[in-house]
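These are the structures in question, set out in turn.
Next, two complexes with subunit A in common: one pairs it with subunit B, the other with subunit C.
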Partner chain A sequence: MSAFFFELGRFSLFFREIWHTLLNTKHNLRPIIAQTSEVTIRSLSTVVFSGFFVGGILVVQFNAVLAQYDAQIFLGGLNTSALIREVGPLIISFLLAGKVGAFTAAELGTMRVTEQIDAIECLGTNPIQYLILPRFFGIVLASMILLSTGLLVSVIGSMGFATALCGLNPLQFAQSIPRFTDITTLLSGFLRAAIYGVIVAGVCCYQGYTATGGAKGVGRAVTRAAIYTNLYIVIANYITGLWIHLLLGESS
Partner chain B sequence: MSIRFEAVQKSFGPKHILDGISFEAAPGEILFILGKSGMGKSVTLKHIVGMLKPDSGRVWVEDLSVGDQDAQGLVQVRTLCGMVFQHPALLDSLTIFENIAFGLRRLARLNEAEIDDRVRETLALVHLPESVLQQYPIELSYGMQKRASLARTLAPKPKYLLFDEPTTGLDPVSTQTINQLIFELSRKLKVTSLVVSHDMQCALKIADRILVLDSGKILSLADVKTTVKSKEPLIRSFIEETLNLLAPEERKKLEL
Partner chain C sequence: MKTRFWISDFFDISGGALRALTHMPRRRKEILSQIVSIGVESLPIITLATVFSGVVVSSEIAWHMDKALHTVSMIPGFTGQFILRELGIAIPAMLLISKAGAAITAEIGSMKITEQLDALKLLKINPKEYLVMPIWIGSQVALVCLTLFSIAITLACALGIAILNHGFTAGEYLNALEKLVSARDLGVAVIKAWVFGAVFPLVSCTYGFRCQGGAQGVGTATTQAVVTGTMVTIVIDFVLTYLLVR
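Now for the complex of A and B:
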């Protein structure tokens, strides 16, 4: 238990260092934009592909239930609302954790154990500014961009599957969307995506940056990054669900 | 004024790594730091560049107390001290040119043309061809990466060179080349060099003085001839086998 709190303390200090560096250093915008586009481009195809089929799977499941009550006219709204509020942010953050998060942890871990980070420091550069800031904010911003894209594709995918498999036309599908989704639904989706993005970025950067012990150490860092990220996202999902319910009065 | 340790103590958890060590490197000398693994050799070097702070005591680089420096002060310390790591530690995503220029862009106030000149000049010092400048570290052999890493450290023209096991993982020929470079550069550039190494043979050939660390304390700090004649069991264990490997003229030089 004490090890857990020790680790939590170190993580908090690391997080504080990121904000301190952001607020006290200049010329950070360009590397952050470069990293955001790199992460977005690297993950776009995966998110689009998964988003399309996640939307499809969800629509088939909802249809199976709604058909029993002859309520298929609500399929579009129910499906879109679930995608924006819950499934979309969760799936995209899991994808980001698996793809970008693991890559970041491995890259930083390798740099740490091969003394590249020490060398950067010795050459008069703050490694938090040079390595962590662009990666951290790159992942957070990319998660928002990928969420927007992923959600759009999954709604299109849902519509396609609903038309092909459930006997609804696209207009019928779209008609019920405004009844179930409004601005608070979108806000809750984006808030979640941002929080999960912070978790993926923070945990993976921290695990990589603090890796020790050669190749095995890098392996351990990547494993820990994957486990903790998914664990914290699930916990955050529960907590944000309660928050959003209280703040926005929305059923979460 | 040079590098000076004053009663420096450092512990990691319950383990005392440095237990009140004091010494001073003489200007222009090559000082080898020897000791078994985990005896605080690399920790000693990391204190000099401010990557570690002592629990008590002070580390001085000229008139700068390293542990008391803020971020700006540490940049000043790191401008004075260049460190060569056990690994080449070149940044994979940058070309050799960008790697060598990396420190120059941060530690020296030079324009692009001056940076270009300095990179080429430094590359020649470590006997690497200019054709490597546009290559990435992965495209070079390990020995060449080590030399490029040395060039990166030399480029900002530090007054003190710190080598952390510079020949680890190298074949005997590359080891010889790196050792020769340490000697040549220290003499040619008139820098003070602190070398952490297990390579006793090299220490006997190129060191001016040898510092032996044991259990966090300085067991011996003396010139090579005195060290070779030491009766300390740990020092004897270090040099016994090495002495047999020395050429007759090298033995004669050490008055053996």
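Now for the complex of A and C:
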């Protein structure tokens, strides 16, 4: 447990350093855009594929529950609301942590243990500005882009599954969507995706950047990155849940 | 050898694991140590994750119910069914894939690139039988136990939320739960967990045995194993949900 708090503290200090560098240095937008497009393209197929099937799972589950109360007209609304609010951001950030996060941690870790980061420092370049910032903002921006794509695919996919498996037509499915969702739902989904994206990017950059001990250390850093990312995302899910509920509870 | 398809390797390794089932009695100790390293060591992280997700999901479902049906009286049934049928199964499976699955791939992958697998072959031991079977059995047992454990924890959290936030008493909640949740749901949960536990170690082992090209190769194989394992689990989850949930 004390190891966990130790990690959390060092992680927060790393965040402060990123923030400091962001405010105090000049930036070039090009590397950030390059990273964003690379991350997006690399994970797009995974996100689309799993988004489609996650929509299907939710449709079947909600249908089984709602059919007991003859309330299948609510299927579309419940499904879309759950996808946008909770499941979409969560699944996409889990996948992003496994795919992009592990890759970033391994890349930065290898650079660290082969002393490439020290070489960059020797040449008078700030490694946080040069290496971390583009990756960090690349992952955060990519998580938003992937979320919007993934949500679109999974809502359309669940409409298809509802038509094929639950005997609803697409119009019936779409009819109840506005009852449960509005612009604040979408905003809360994107807010969550941004927060989870910051967590994925921060944890993975941190674990890679501070890797020690040769090739084995890189492997350890990658595993730790995956575990800590999932853990922090689940905790953040709880905190944002409380917070967004308060926000929405007052507005609706 | 290099161009062999992933799927043929996968079935090769599954066959190895099945053939080695006859060795189970005399390799009991290794199986038990795998259960400890896969299951028991994942217990803290899975407990923490399921506590948080239980709290979140039960308050989310309550909010949705209130909005759809203007009543919170159905919270026990809805949360109970959702936890038993989906949440308590999916969360431990996903976490175990990214924790234990990655560890399995990394272990076998580094044995491969340091030529320890070739050393085993020289000793006339088939590594696909020798290494995979204890992991395979161990993760099946571990995931089924972890799933039952996380269902219990998540239900307890949902009960706590219902009592604190929505004014149920424990007796009311459990009565309503009993009407809507049956032993069949628990059976479905066990079947799902068993299938996930049987599939993901084979995926991880396949990537481990296929990995090549030094330390970088192990890293790539680990990443791919986690992503493929998660996607395969989602697809299997969908199929099983469609077949078993009515």
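Please note the rule applied: the second predicted complex is superposed on the first by the 243 of 252 C-alpha atoms of A that agree within 3 Å, B and C clash if a C-alpha of one lies under 4 Å from a C-alpha of the other, contacts with A are read in each partner's own complex, and residues count from 1 in each chain.
Operating definition for what follows: contacts are C-beta pairs under 8 Å (C-beta built on N, C-alpha and C of every residue); 3 or more make two chains touch, one makes a residue touch a chain.
This is a predicted model, so every value here is computed, not measured.
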| item | value |
| --- | --- |
| Subunit B versus subunit C as contact partner of A:13, first or second or both or neither | neither |
| Which of subunit B and subunit C A:246 touches, first, second, both or neither | neither |
| First, second, both or neither for A:164, with subunit B first and subunit C second | neither |
| In the superposition, subunit B vs subunit C on subunit A residues touched | C |
| First, second, both or neither for A:29, with subunit B first and subunit C second | neither |
| Subunit B versus subunit C as contact partner of A:82, first or second or both or neither | second |
| Partner chain in contact with A:125 - subunit B first, subunit C second, else both or neither | first |
| Complex interface listing, subunit B residues touching subunit A | 49, 51, 71, 75, 78-79, 81-83, 85-92, 102-103, 106-107, 149, 152, 156 |
| Subunit C to subunit A touching residues, read off their complex | 45, 48-49, 52-53, 55-57, 59-60, 63-64, 67-69, 74, 77-78, 81-82, 85-86, 94-95, 98-99, 102-103, 106, 110, 180, 214-216, 218-219, 222-223, 226-227, 230-231, 234-235, 237-238, 241-242, 245-246 |
| Contact set on subunit A toward subunit C in their complex | 46, 49-50, 53-54, 56-57, 60-61, 64-65, 68-69, 71, 74, 77-78, 81-82, 85-86, 94-95, 97-99, 102-103, 106, 110, 165, 179-180, 215, 218-219, 222-223, 226-227, 230-231, 234-235, 237-238, 241-242, 245 |
| Complex contacts: residues of subunit A adjacent to subunit B | 111, 114-116, 118-126 |
